[in-house]
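Can you read through this structure? Questions will come right after.
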Amino acid sequence: MKLLQNKVAELFENGTINLMIGFKEALTKQPVPCFIEKASEIEQLIYTKDCKNNLSVYLHKPEVKQAGKIGILANIATLRALVQLTSENQFWDIEKTVLTVNDKEEVIVFSDMEEVEAYVQANFPEFSEEDLKLLDYLESLSREDRWKYWTEQFSACIKCYACRAVCPMCYCPQCTVECNQPQWIKTSAQTTGNLEWHIMRAMHLAGRCINCGECGRICPVGIPVHLLTVKMNQDLFKEFGTKSGFALKGDYALNSFKPDDKEGFIK
Amino acid sequence: MSEFEPKIVAFVCNWCTYAGADLAGTSRTQYASNVRIVRFPCTGRIDFMLLMKAFENGADGVIVSGCHPNDCHYTSGNFHARRRWIVFRSILDLIGFDTDRITFSWVSAAEGKKWANLVDEVTDKIKAKGPFTDLDKLDGVQLKELYDEAITK
Amino acid sequence: MARIGVFICHCGENISATVDVAKVAEEAAKMPGVAYAMDYKYMCSDPGQTKIIEAIKEHKLTGIVVGACSPRMHEATFRKAAEKGGINPFLCEIANLREQVSWVHPRTEATTRKAIDIVRTIVNKVSKDTPLFPIKVPVTKTALVIGGGIAGIQAALDIANAGHQVIMVEKSPSIGGHMSQLSETFPTLDCSQCILTPRMVEVAQHPNITLHTFAEVESVSGFVGNFDVKVRLKARSVDMSKCTGCGTCWQKCPSKKIPDEFNAGLSYRTAIYSPFPQAVPNKPVIDRANCNYFQKGKCGICKKVCPAGAIDYEMEDEIIDIKVGAIVTATGFDIKHTDFFPEYGYGEFKDVIDGLQFERLASASGPTSGEIRRPSDGKIPEKIVFLACSGSRDKAKGIEYCSKICCMYTAKHAMLYKHKHHEGNAYVFYMDIRSAGKNYDEFVRRAIEEDDVHYIRGRVSRIYEKDGKLIVKGVDTLMNAEPVEIEADMVVLATAVVANPDAESVAQKMHISYDKHHFFAEAHPKLRPVETNTAGIMLAGACQTAKDIPDTVSQASAAASKIMGLFSSDEMTREPVVAVVNRCMPPLFTTCTGCLLCLEVCPYHAIEREEIKDRRTGEILKVAAKVNAGLCQGCGTCVAFCRNKSIDLQGFSNQQMLSEVVALLNKPF
Amino acid sequence: MKVGFYPGCSLEGSSKEYSKSLFAVSEKCGITLEEIKDWSCCGASAAHSLNHDLSIALPARTLALAEKQGLSEIVIPCAACYGRLAASQQAILNDKAILEKTEKYIDMAFTGNVQLLTVFEFLQKYIFPVADQYIVDKLNQKTACYYGCLLARPKDLTKLERPENPMEMEKVMEKAGATPIDWAFKTECCGAGFSMSRTDLVAKLSGRILEDAAERGADSIIVACPMCHSNLDLRRPEIKKQLKKDINIPVLFITQALGLSMGISAKELGLDKHFVPTGKAVSCIVKKEA
């Protein structure tokens, strides 16, 4: 911990950063994000295995961007998000310094995104066993039961859009659900509208989602929304060999194609 | 009760399938009148959201059709569309949506006969499946339950 | 509120026979937004069109729907009529009641209902239509021709003769290309250089042509009518303005053992060299990779002997910027070399040569002054075996296509050999003889019948050397599949025509597509064979696919005429059915996220990065996508791709398409 | 050092000397060869033309046995056997359905983690690093290295760099102090499959090979395939009739030639088992200069 704090203090001292996004302890087991603006606040900075939040989501916020030079303490999911976002041209207006703590508890300060990319590729995470188990279970159901399962889940959705707010990939200044010329998605929290929202979200994140699972964790009514995108990523890798959050020159399944892409349903 | 006549919406590209449907006309090939065509410049323009909106607005079946691979008027619109459909279908599959109600096809400008057969087949298939009510049920049931609950209180 | 007019055509009886047209018009009149509806026997006739024009004026219509035949038939007709009536032509849309209703269904109520549905859908679309105006793009009337082979030469001369400026860029020190290496040409056996050299000189002297040899295109940006091109003029190390081409330098150059590209490696050249005697320009360059001065730092003989003081070792590459309106890509081809064939000795047998090497042997300006002699010992071969389809049409070698020129040039080679050496024996192993072309088959027959060339239908499995002979083992499939063995003195492989090694990078610089063999892709295989998918860039010659000289020249002229068409007016007019990235008030400027993932989706590379800047400070406020209307062809793939609907397609907008769907469905079928 | 060994039928019968010499050389270099217990036919002769499943299952059984026995590498000297075992392994590893089917046939698990070695790979990996200390003699003769069909083909199984003109055997012969000649019939057909049924064809095909070797001055022909050996060695009378001349060049297995350079006796290498006397090859040998 001391190592990390010293490193960050150093960054503040030599003027590399003037805002640090990291984690601090909370009443619950899971640490919470914190924003450190001066050296005196560095003491609260911690990093443990329980630091799950994807802090990259804050990099889209205007108030964070204003700081100019931002340090960000990143877990592997956050690093993937940073790689993916770079491939989506999102960091043209900020200067950032990325830190992580590896398995051996060494603090790494990346000098550029290429280093982050190399680190991500060397430590690329597998899909979580738990998610795969649930997906396997869902796949074992009949179509009608799956429909029942998901529509029941979606009937509970209150359209709070927390899943969107927490997602580093959902950075559109105006989301399609807010589009009313034409109105693509019903605004009220009815199941059909909810269903459309979640299908659309899955389509927009397929191949871009970096599997941090924040959306599922954050959902106040407990819908495992992250499963949709996890499944999509799994399928895309199987079908097209693409991986999200893997390369700075992104290889995104939906803006590329191969003339011999295989499918079994087009007549 | 009269026989169920399904509503089928066809999203087609201008250069191949729309022209193929025109050819079915010029060769006077008869087919089921349950289909309504919406013309797009290219399959690449066909938004998956429109497919959802079609079902939401009461379509019983949807046909999506364009140029065969390598024949796209814009060279690669259909290739992009194909990837999009692969992904879209797999999301629908996961959610348990009845993907049998969406038929994807390649119909070229020369395949008037194929177009007519396609429409007939899809019409028969959807007739056999009956009206699409999966979405109506969702909100319908929910509202009815709320209503019943309110009444009993 | 929209005031839409609906005009239902009977098309004689073509529509009215199965559709109750009066009923359709009657129902249409009740639709929201419809101010007037009528039906008429022939809407497309002059009186019909007049009725539309009058109705527009009389009922102050803002848009019209014509229920008639397919829009592919008469959309243009009715849009013109709308314009005459005083409304924007893009506010006229067609409901297809003939091809997709009356001709394919019987006379039932359902058919009429379908017609009404379609009319309602289109009425809804028109209610969301906005006026669109043709896009005007200015044109820079200068053409760039990349490649100085016969394709580039022909295209450049055609365009220049039409009075336009042409800039030609050629990679090697001289123009002429592969054609200048050829001995005689089929099917007339006229000398290649005799017909080519005057053209080369014409290029060099043409007042409208600027020639840059020893130069390469660095980058291409911009769009049709307005390309910005960077050209790298490689350092020749020879001052062109001083050099007289006297040749003293290359006579005295001590590095004499460099394989001569022009002679396909059959002879040597010096480090300072002009590729061949008729080169244009006939002024040397220094091949720095093989020059003692540049590699070892000492020598400098050429500088000492040059009477004009033209040698300049300090010369550096220069990058020039040019503006052009259109580009002809004529970068040519390459052939597979003998080392591609393990079964024929991995290129290690000196007397197994490729077609281009044979051309040089047969050429009067070649290393043997036109005498066909073996590279190994200089003897005149008594027996030559020619192998057509070496590599071509061979899936196992990864080349499935036919190289097209080999059948003809192999017949020519065999003939040339027989003409020069009557006693000799020429054998040709072939798969099929493909001699489609004017006087082509006659030519092959002449080789077989008059010049006594032995044609053997079959392939060769192996060649090995024995006692100074090449043993060619093959099969004659026409003689009961008998194995054949020929003791040859020389073997000529008609190796496959392939794309240039740098074709891929050229295509990427130009943003044009290419196939898996790296041949450049035409916009449409039948109907647009000389254009590429990038508007304003044309193809000529074998960079597209294997071609012979007549085909190459035809295509070059076609490319030139396409460009002349483009240059015929100062502005180009384009259909306004293009994609547009939305704009809104600051601080948002646009809802586009600037993720720029759509750049890859566009088949025409019409989407580019745009920086929205503060007008005063120049500070970048936002990065967004921007559609170049000059390049966009209106497919709409980006529209369906954009996650938050920041791009829309004029004429097929989200509003229009969704309202069509809703209008269709919210009534019983 | 222990390496697994699959003999196949030939090395137990007509080409016993190939096996014998391989063992002799290996022993000399401190390598123990362990035979796969209860191995079965590789299916080379007929299985693949009669039943596709069988042609995969037969080698698979042997490979599964090797796995059970704990062998991680096996050397397969016979070119035909190697071809079948490698093809079977590749087919199974490339297709899950074939794996499942085959496991059912052989009633054993198949992981495919046994590495298969051609005789060249074996020599390269195990003998070459130590060979110099054991090579005491110089073969001192011109050798024509003959590969025939299966040692070089198909190229994705045999992994040779230049399938149309391989050099693997030449490298071994150079090490043994011989001078390999450049000749034309290295990879031509010996008539293998017609060994019994059409000896006239064998005579014609093998005759050309011998003739070219003879014309280019070879003192011996080196082979690494039992079929090649028997055709070139056994069919001399027929070949003589065909060529209308006598060619007496002996045909040695690569391991025999290598063994000779290591000072192993002709008897131990099974040179007495040949039809064409090998004395001519042996007589060339000289002591290696220190």
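For clarity, chains are labelled A, B, C and D in written order, and residue numbers in each chain start from 1.
Criterion: contacts are C-beta pairs under 8 Å (C-beta built on N, C-alpha and C of every residue); 3 or more make two chains touch, one makes a residue touch a chain.
Just so we're clear, the structure is a prediction, and the values are computed from it rather than from any experiment.
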| item | value |
| --- | --- |
| B-C or C-D, whichever has more C-beta pairs in contact | B-C |
| Centroid distance [mean C-alpha coordinates] between chain D and chain A, Å | 58 |
| Computed distance of Cα centres, chain C from chain B, in Å | 37 |
| Gap in Å, rounded to a whole number, between the CA centres of chain D and chain C | 53 |
| Intercentroid distance (Cα basis), chain B paired with chain A, Å | 33 |
| Multi-partner residues of chain B (at least 2 other chains) | 48, 53, 76, 80, 84 |
| Multi-partner residues of chain D (each touching 2 or more other chains) | none |
| Touching two or more other chains - residue numbers and ranges from chain C | 601, 641, 654, 658 |
| Which pairs of chains touch, using the document's own definition | A-B, A-C, B-C, C-D |
| Residue numbers on chain C that touch chain A, as the complex places them | 588, 591, 593-598, 600-601, 609, 620, 623, 641, 643-645, 654-655, 658-659 |
| Complex interface listing, chain C residues touching chain D | 342-343, 345-346, 462, 464-466, 471 |
| Interface residues, chain B side, partner chain A - complex | 48-49, 52-53, 56, 69-70, 76, 79-80, 82-99, 103-106, 118, 134-135, 138-139, 142 |
| Residue ranges of chain C touching chain B (in the complex, touch as defined) | 70-72, 96, 98-101, 103-106, 108, 110-111, 114, 117-118, 121, 513, 521, 523, 533, 577, 601, 603-604, 633-637, 639-641, 649, 652, 654, 657-658, 660-662, 664-666, 669 |
| Chain A residues within the chain B interface of the complex | 135, 138, 141, 143-151, 155, 176, 184, 190-192, 195-196, 198-200, 202-203, 206-207, 227-228, 231-232, 235-236, 239-240, 253-259, 261, 263, 265-267 |
